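Shared between the two complexes below is chain A, which has chain B as its partner in the first and chain C in the second.
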Partner chain A sequence: MSMADNNRYTVGISEHDQPGKLRRLIRFTTASWRLNLAGAMEFRLSFLLTVGTMMVNNIVWIIFWDMYFQRFSVLNGWTMQDVMMMWAAAAGGFGIMSIFFGNATRLASLIVTGQLDVYLAQPKPVLLNVLISRMSVSAIGDLLFAIFIFLAFGNVTLLGTIKFTAALLLSALIFIFFCVITGCLSFWLGNTEGLSFQLYNALLTFATYPTGIFKGFGRLVLFTVIPAGFISSMPVSLIREIDLNFLFGAVGMASALCVGGILIFYKGLRRYTSGNMIGLRR
Partner chain B sequence: MRSIQVEQLEKVFQVKKKQAGLTGSLKALFKPQFTDKAAVEGITFSVEQGETVAFLGPNGAGKSTTIKMLTGILHPSSGTAEVLGCCPWTERSKLAYRIGSVFGQKSQLWYHLPPLDTFELMSRIYELRRNDYTERRDSLIERFELGPYLHTPVRKLSLGERMRCEIAASLLHRPQALFLDEPTIGLDAVVKQRIRELIVEMNREEGTTIFLTSHDAGDVEKLCDRAIVINHGGIVFDGQVEFMKQQFLTHKTVQLVLENDPGQLSLDGVAVLTRSGSRLTLSVDTGHTTIESVMSALMSSHRIVDMTVQDPPMEDIISRMYGTFRAKEAVM
Partner chain C sequence: MISFSKPAKYIFIGKITLRSQLAYVVDFVIRSLFLLLILYIFMQLWQTTFAGEGTTAINGYTFKQMMWYLVFTESMVLATPSLCTRIEEEVKSGDVAFKLIRPVSFLAFHYVEYMSEVAIRFVINLLLGSTIAFLMVGSLPVGAGLAWLPLMAFGGFTVNFMLGMLVALSAFWVEETRGLEFVYNKILFTVGGMLMPLELFPDKLQQIGHWLPFQTIVYFPARTAVGMHHGEIAGMLAVQWLWAALIGLVVWFAYRKGVRKLNVNGG
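And then the complex of A and B:
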């Protein structure tokens, strides 16, 4: 086979240099999600039990807050409905991250054990490819729980649904890219699995407490270093009524984390050292 | 046409130095010490399109690091490289559409799903036209005899079956160059042979450049025309496999059947490997003596019934080659 034939063959079978790149990127992304879900459903009973137990786990918290609000009707201006919507925004955002971008919380481990090789050898944006290559089954329970809470306690109107959807998306973006940034620390600091997990855990924990109970320095931290405040404030500052300052702040924080996360990841890739760990995609 | 062009490629890793034990760990925590370790030291070589090249070297020689730089996985510390006209680390994505890679220890197959599902995802990753994809997939399934495993989850496949699927997946997009990092590791002899045949077939039929690292002498002998040997990050041999055999072929194996038991045999440069009565296997050091003089000496005192002279297997040549490197290091 001549070189010319060879070139024609390779170019001929792939459409990568043709128009419609975004459409093909979306097809790749959805194909990856489909495979993740199919992989998760390989073990049917385990799949159903994991989803179910995560929902039960979240419901326990609802019972706890219900007991609280039976004694006290308001918490620093927050009603039972606000707390429920805060849980919906946090669980929903976390659920979206863990279902569709399931490797976000494992990034530090993937970097330090040299498991990015497979993604780097493929012609797709590395960060996207890594993030969408895993799905947490239990998080399906979190997302279903968030939707259930919204239907039970939320304002189920067109405007209410739009606001809730926006809250979920902002919350998911903050979760995903906060985890990306903390995971990327591994490029510079070595094994930061523990540190990255602690920071992610801090975000998750503080996202499920009403922002109103934090004052001064604590509040400052929650709107800067650990931006959980932007998630936990959504019920009062976005879902109940739109506070434009908060909305711009939340959008700004989500965008900054997004841009920062992508830049830091690609900057860090130059320092990636790979490794010899045996790896399988699961 | 050049497929791979590498010039003064170098990769230096920072390695933390730590004494063993908890005390060492504590010291390293407060006063860490790092040293630079050059995994690849300014190597230069080129590979023509369609060539089959074995990239050899002992463990830690820098083979995998080089292959990772050539596929865009690692950024080099210095030097340049071009693969199919692209710089691997700055044009990683563009290059990835045109190359395939198989890392024997890193699977790209979905562990819990059948290979067919991974093939489908690969078609999306490489943005293959549907018709071309199905045609290519079916041809690879037939050629690699994957029919019986297509619907079996990867976790239930044997290592050999998995590796055949792995290589087929990496060939779906018709790569012009295929990088294989230990593709036959852990496989049995029959499967190894089949995989080698398939790779040779792809090279002959599609002109795919093959660049392979392996510790398996059979891979080198059966697959490759040319060998590049690397040790401690530097190239120590670059030439035809046949020439490499000659250069490191310092011994020949002679199998003899004599009329009578020769008793104690003492010849300069000759070692008796096995003996059973009048049947002997000798190793002749051709650096010390010649086959001819050994035969003359034997024929003067014994009657030879049968005799064969063989080159030692490739395995021995590679072991000898690595042994030579270690001996040189010990002297230095």
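And then the complex of A and C:
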């Protein structure tokens, strides 16, 4: 190899004249999302059917609640409007996680089957790289459903939009990092696919029922071990009117899960034992 | 055309399925934990609702009956395997070719397999659900209604198989059928009365629900088991089997038409 060749390669991998670290990360993340979406759109009919089906799934639940509220006008202070916004916050947060960080729910399986190897060999932050490498097509239906519900039944003012966006982001952060933490259990406990799935399923299920129906120990669990209460309370404690105690609690829980999730993942990664699977990422 | 003669071979298919299902009982019990979660949530929901109404019965259902109604409906729905996943995989992988050349009826084979699988799963779900309901709300009075549950559930699962197979057979025409199954399941959840009895529906929807086959799947068995409207059992059984026969006929025609259209690659 000649000196000229050497120089050319050195310039290629040098950080000189390259955008800053943060901008490079953003560029990498958006490129990953773009490619995921392009892959999903390859089969247009299947894509539209999957998205549509998920919207129908959520609409059916709204129909159930509509039937309920036609028979019983109020549920412990909750109205139909609150339940719809609860579904919007939960489906939207879940949608953001599954569209943009689709591997969050598959972390346990990736760890157990040694599929992290391929990410470890790449010069990108491992957790971010793992999370953004997959996109759930059906979850696009969830996010569209959340936006549709907000536009049709929400308070579409500047303040209302800010509050709804904040609810979506907090909900998404809780979903993502709760799943990361439960998935990381595999680093210590071996195959926890079943347990991680049950915990994630519990969060998702509890997040779609009004917090007002839970009392005592059940309510305590929903604001600690399975923090679904912070998602399902959004309609009454953030969107309808801001309850500062709740807001601080939700921000605190989201931040704790976020920091805890990242720390636990990298601590667990030290214990990770690679598989012998040969993988290739295009 | 493959005849239904020699029923012994179908009995053997059922026995083999039962044995293979029994090998995975522990796995199924772990997966059934979701049933406990959903029953806990619904207990909280209906407890709050009954407290809000300040009455001991809503549309004839007491709190205890409502909870046991949900035990039966949820146990049945969660016991149902996905026919679409099965048929779709058979068509996509080409395995359907082997099923079609066997000296057994394709539809009868799947029916026997489905019913054997459902039998084990339903019993497990019922044991789990009954334990949690017993601990939470106390026992369901053992009455004539409960005695009719096995027969009613048998009819309900048969109608569910027919409707599920009708959706699954669309795999002979289109590649993706799971979306359709998803929508069908959601109809069962609502109009079918899985989430709440039809009596609690708004009047118009209640009338529509009574003209559809979905009520026969979980609503009829659960309603009978909790002791509602004993006088209507004979009528309910007649409606259930009428729908089973009608949909069965449509399934038969769809299968005959579909199997001529089917192109199998690989296998």
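Just so it is clear, the second predicted complex is superposed on the first by the 260 of 282 C-alpha atoms of A that agree within 3 Å, B and C clash if a C-alpha of one lies under 4 Å from a C-alpha of the other, contacts with A are read in each partner's own complex, and residues count from 1 in each chain.
Everything that follows uses one rule, which is that a residue touches a chain if its C-beta (ideal position, glycine included) is under 8 Å from a C-beta of that chain, and two chains touch if they have at least 3 such contacts.
Since the structure is predicted, the reported quantities are computational estimates derived from the model, not experimental observations.
In the superposed model, A:Lys124 makes contact with chain B only, not with chain C.
Within the superposed three-chain model, A:Arg240 lies out of touch with both chain B and chain C [touch as defined at top]. Touch criterion met: A:Ser46 reaches chain C, while chain B stays clear of it. Set against each other, chain B and chain C touch different numbers of residues in chain A, with B touching more.
Of the two partner chains, chain C is the only one that A:Ile213 touches; chain B does not reach it.
Residues of chain A that lie in the contact sets of both chain B and chain C are absent, per the superposition on chain A. Taken in their complex, chain A has these residues touching chain B: 1-3, 5-7, 9-10, 12-16, 24, 27-28, 31-32, 35, 38-39, 42-43, 115-118, 120-125, 129, 269-270, 272-274, 276-282.
Against chain A, in their complex, chain C makes its touches with residues 30-31, 33-34, 37-38, 40-41, 44-45, 47-49, 52-53, 175-176, 179, 182-183, 186-187, 189-190, 195-196, 200-202, 205. Of all residues in chain B, those touching chain A in their complex are 1, 13, 49, 64-65, 68, 71-75, 92-98, 101, 103, 105-113, 117-118, 120-121, 124-129, 132-133, 136, 153-154, 173-176, 205-207. On the chain A side of its complex with chain C, the touching residues are 46, 49-50, 52-53, 56-57, 60, 63-64, 67-68, 70-72, 74-76, 194, 198, 201-202, 205-206, 209, 212-215, 218.
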